[in-house]
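Next come the structures, one after another.
Two complexes are shown next, each including chain A; its partner changes from chain B in the first to chain C in the second.
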Partner chain A sequence: MMQRYVVQRLILLIPVLFVISVLVFSLMHLIPGDPAQVILGFENTDPLQLAAVRRDLGLDRPVYVQYGRWLGRVLSGNLGTSVRTGRPIGTLMGEALPFTLELAVYAIALAVLIAIPVGTLAGTTSSRLADGAMQTLTLLGLSLPAFWVGAMLILLFSVHLRWFPVLTYPGLAEAPLANLRGFFLPALTLAVPNAAAIARMVRASLVAVRREEYVKVARAKGLSEPVVVRRHMLKNALIPVVTLVGIVAGYLLGGSIVVEQVFAIPGVGRMGLQAIVQRDYPVLQAVVLIVTALFVLVNLLVDLFYVFLDPRIRYA
Partner chain B sequence: MSSSIQESATPDRTGVAELPSTRPRSLVAIARRSPKAVTGILVLVGIAVVAVLAPRLAPYPVTEMHAVDRFASPGAAYLLGTDFFGRDLFSRILFGYRTSLLVAALSVAFALVIGSALGVVAGFSGGTVDTAVMRTMDILFAFPVLLLAITIVVIFGAGTLTTVLAIGIVYVPIFARIARGPTLVVREQAYVEAARALGQRPLRIIRRHVLPNVSTPIFVQATINLATAILFESALSFLGLGTQPPYPSLGLMVSEGRNYLELSPWPTVFPGLAIVLAVLGFNLVGDALQEILDPRLRPTWSSS
Partner chain C sequence: MNRVRVLALCSTVLLVAGLAAVQAQPASPQRGGTIRVGITQEILNLDPHVATAFSSVQVMDLIYESLLRLNPKTLELEPNLATSWSVSRDGLEYTFNLRRDATFHDGTSVDASDVKYTIDRILDPATRSPQASFLEPVREVTIVNPFTVRVTLKRPFAPFLSLLARPTRGIVPVNFELKVGDPRVKTLGSGPFQLAEFGPGSVRFVRHDRYWGRDAQGNRLPYADAVVYRVIPDPATLRAAVRAGEVDMIIGFGVDITAARTLANVPELKIMSVPDLSYSLLGVQHERPPLNDARVKQALALAIDRDQLIQVVYSGRATAAGPIPPTLEEWRPVAAARLPNYRRDAARARQLLAQAGHPNGVSIKMMPIPTVPEVVQIAQVLKEQLAPAGVNVEIEQVDFATFLSRWRGSQFDTFVSLNSGEIDPDVHLYRHIHSTGSTNVFKFKDTAVDQLLDQGRSTPDGARRQQIYGQLQQQIAEKVPFLFLAYADLFAVARANVNGFTPGSTRSMRPLMETWLAR
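So, the complex of A and B:
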């Protein structure tokens, strides 16, 4: 049953990825301006040279032929070349992606570390004041623009207190501690609104579980309150939270665009923005394709994990 | 008795006793029931008023530069200080609110109208139409929101109107999903079947029976999306893909200010606080509405 569900989901993935690839390919053609003109530079208006570049790019062929060739290249791992630097986009992506992935993983870890204690406290406390304060605080967390939080953290911790270095990101393998230190503020920035969202989910989930029979039974057995919360309430309450963490993981890939810009991290988001400014559309195309594909895959993994966690779910 | 939330049962025109109303009857009653809602509404009304009256309230023209007063601190001459060009921050924030509220309102209205229409039609028609519409929505959902919005901006060129369109399109699937659910339920009700049997046209059935049932969840979602739309607009402007200079936009102000954090924090601090205040206002109202309408206190969550 489980296997069939996994296979089904994987098969469903194919049309989704196909449509995404068509949309991303169309992006190139929807953007105003002639790619050949961009490559030649706007001063050069020699029609012969333009035609030559178009022929090189295959732009003189029918659109479906262009799509087929492009998809064939992408599937064989060739993302094309940057029209600005002339470097292969696969290499650029290989340099940028680790920054973005580390940022996302770090942010998720921080968000969960903040959210679970806060949400548990709010969901299990009998004090309305504590619960209310926590609710207001998390609502505030949801209302913060990431770019502003980032700027404020830089202002406080890097400019005034000088606790964290600004804009230095040594490799994780060479200098793990310096790396984690350098990435701390960006990851925290990205974590804050997501921590708020997860904390609210944990709280709501605990409030719902609180009335369950098995919790009453656990208490009636004379188990201590921490044991009831940890073993009986949290364990069940965290199941829906996993979905949210997954959705958050997907959003982090997009949200990191802003944070990478604030903290000057040379990740995929910054690569995409730079590509927009420089009209380096093959790079932009690759960024949209890779990030969206990752987003879809992360969501799929979360769905599968969710079913694995809670066998009560009917996989229809 | 008049101030009590629950009115006593009174017979209505048909002579059937009305259920005890749970609708709060006075502002005081609402305030007691949901201080969150009142705080949020007060904040939003305040912001709306200053945004509308910005041309009258702003002490200086938004683009007027005062070369001698660059990076002035908050004080008597400039309430919240000035920026790199010596422009009055308070005046710029007032006008920034106009942009924020306008973009948020228009984009959510766009998504609400298009999304709800798609959702209702999909749910009501069923079959191929339903599948086609909802699969399209799924594909839109498959893109990370900010990336999708940025892509739309790149295609149409940056500007305030494009921002509206970008945010609007991103939000369409949310409203479609929310509208479709209740439509599916209502469609199966006996009174809809009766209306059909009486030969009522689908449009009339949708207007009389379906829309009243989908309007509440849509309204709540709209409030929450107004909050995220403001964040969204400010993020796009921050990235240079939204409102273009020299027009004031809160996100753009933060973006310009952060280059001079060490010289003066105010051009970064105040516009950011202004964004937080507006977003918090909508979030407070949205959260309160959800609590009132859904006793299980479903968590609110949406992200930009």
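So, the complex of A and C:
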């Protein structure tokens, strides 16, 4: 039964990708500017040369023909080449995706590691002061903009204290420790607002289950408070938290443009931003396809994870 | 008293001498090492004849070499791949003798056929080279012998030699595309460095071991084993990177007066600067009301205050711009203060607007180019300066491709941008302000200006040509094809162990071949 559910969800991905690609393709053609103009730059305004470059790129054809050609190519497994740099998009993606994936996984791990203890503490403490302090701290974490947090972390930890290198991102396989050190500050920057959001969710969920019958029963059985919290409250409280983590993960996999800019990480976010600025249509299309697919897949994983958390949930 | 003075003088001399001794660098340059350069803009395309992005052009002269080059300090033309040249009396034939010891990175020698192939390639419409418009005066290129090449022009064209001194006219080998594949990502030049790795966010060049260049002592250039460009888009991170020693130097967009000021007191860094040939400008569309009225344009010119602009935006590190850069002394640039319409007079501006039928002032839109950080600031200052003169400005923020598209189609009231400067006044001005100019997006048309520009390019260098550009500067200031604003200082920041780098007014990175790292 479960397999059937997964297959159904995967099949649903196809119309989602189709609609998104049509939307992005048409939007890009609606805004002013095109790659031919960007390629020619400011050197001259010769209309003949512009027409020739547009012809080379197939931009002289109607938009639906351009879309059809693109779709045909993608269905045959070829993402095409960047019109701006001439490099194969598969290669570009292969270079950019590992950066973004690692950053996302690292950031979520940090966020969860920070959020669960903080949220649990705030949600189970009887001290109003402690709860208030957590609330204020998390609100601060949510409100600080990433570009500022990133810049401050670099100044403090890389320039003054020299604890972390700036802009050194060796491969995870070649130098695992150096890699984790290199990615720590950008991952932390991404983690801060998400940790704050998740911590608040953990707290709210715990407060909600605090007065549930089964919690009272657990206490009445004489279980110690930490066991009650861990085994009975937290596990049930985690369902909305996992949902939130799933959504956050989906966003992070799309690449964080701000953090990638601030930390000079050549990931998917920066690739997408460049593609928009340069009107590099095929690159942007590829970025959108991959990011959408990842988002849908992560959310599918989250849905499957519910079964593990709450045995009452079944997919059929 | 006198003795005290003498003593003081002596001790000062000793102190200075002592300091000089401390500051003196190790006498001889050290070979080897990798110079890491931080820049903010992505390197997009390495085809010398097709690339237009500033960041691409900036690395081009490490890989490719042109026939002549500019001395980065004096801005004079110097031999490069051509060791000498002569011009026929009628100014139509240019004969170049090539050096015999220059080789491409694959070891083959650079000869006359490569020069012919290169110019033909730029001019071939199939190349789609934006540079073709510059070489339009060329009729044909003839191989005289393997190391002598002759270029015949359609008509006398005084600035011709200056056109050959650019990395974007870099010499490529015959059958370039067949040899490299896609020249946007693969290279084959004769410059001091060759491409080793074109990765995401960084580009690595290694020394061309058979490069012909020598330093004054006869040592082979370049000194460094490799140069790596790191793309760090955020200017604050770029500054942090050089402070933390993650890169050896930072240069280009984003390295401005703000960077120079924040890093000035860091002991392990040194700040270098040079006046830029490029200038900021306020572009005006002459066919759009109310700017189609000469009085309104003059009012704009009278309403702005370049000195204040320079103080606010560049902290004083810029020169008010006349039509010819102050660095090009041989063209007798007229100082901004002595040009008509350059002294701020808001009352007169209002009066002119009233005469033009706008007693309540006018409203115009202003579009700053988004890729040059200080340009948005310039637009804000101009908006404030224009308001008291009765010109109400609405700033339009658009993205780069939109800016480019509207620039190309002359779809603007006004825009603020940066124009690259040229060492020859013809190349500097003609394409922007001649009625047939290839980048006259302003739709500016003036017979007297056209005539002077046409005379200027057909008159051989000398007193007569200087005189023409003297007249032209006055005409431009009076007729306001667009507003020249400022020639700013360019900055580079390097770690203390970086030696021998001189930033150039043309933004050339060639000095990297004479740069070495003290260890």
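Keep this in mind: the second predicted complex is superposed on the first by the 252 of 316 C-alpha atoms of A that agree within 3 Å, B and C clash if a C-alpha of one lies under 4 Å from a C-alpha of the other, contacts with A are read in each partner's own complex, and residues count from 1 in each chain.
Assume a residue touches a chain if its C-beta (ideal position, glycine included) is under 8 Å from a C-beta of that chain, and two chains touch if they have at least 3 such contacts.
Owing to the predicted nature of the structure, the values given are computational and were not obtained by experimental measurement.
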Considering only touches as defined above, state whether A:53 meets chain B (first), chain C (second), both or neither. second
A:201 in the overlay: touching chain B, chain C, both, or neither? Say first, second, both or neither. first
Tell me the contact category for A:137 with respect to chain B and chain C: first, second, both or neither. neither
Of the partners chain B and chain C, which touch A:261 in the superposed model: first, second, both, neither? both
Output check: A:253 vs chain B and chain C. Expected answer is one of first, second, both, neither. What do you get? first
Of the partners chain B and chain C, which touch A:159 in the superposed model: first, second, both, neither? both
Is A:44 touching anything from chain B or chain C once the two structures are fitted on A? First, second, both or neither. second
Touch check for A:151: first (chain B), second (chain C), both, or neither? both
Contacts of A:31 with chain B and chain C, given as first, second, both or neither: both
Could you list which residues of chain A make contact with chain B in one structure and with chain C in the other? 31-32, 147, 151, 154-155, 159, 261-262, 276-277
In the complex formed with chain B, which residues of chain A make contact? 16, 19-20, 23, 27, 30-32, 135-136, 139-140, 142-148, 151-152, 154-155, 159, 193-194, 197, 200-201, 203-204, 207-208, 244, 248, 250-251, 253-255, 257-258, 261-262, 272-273, 276-277, 284, 288, 291-292, 295-296, 299
Mind listing the chain C positions that touch chain A in their complex? 42, 44-45, 50, 52-53, 125, 128, 130-134, 182, 184-185, 199-202, 230-234, 236-237, 240-241, 243-244, 246, 399-408, 431, 438-441
Complex contact set, residues of chain B against chain A: 36, 138-139, 142-147, 150-151, 154-155, 157, 227, 231, 234-235, 238-241, 251, 254-255, 257-258, 261-262, 265, 268-269, 271-272, 275-276, 279-280, 283-284, 287, 296-301, 303-304
Going by the contact rule at the top, pick out the chain A residues touching chain C in the complex. 31-34, 37-46, 48-50, 52-53, 56, 84-87, 92, 95-96, 99, 147, 150-151, 154-155, 158-159, 162, 165-168, 261-266, 270, 274, 276-279
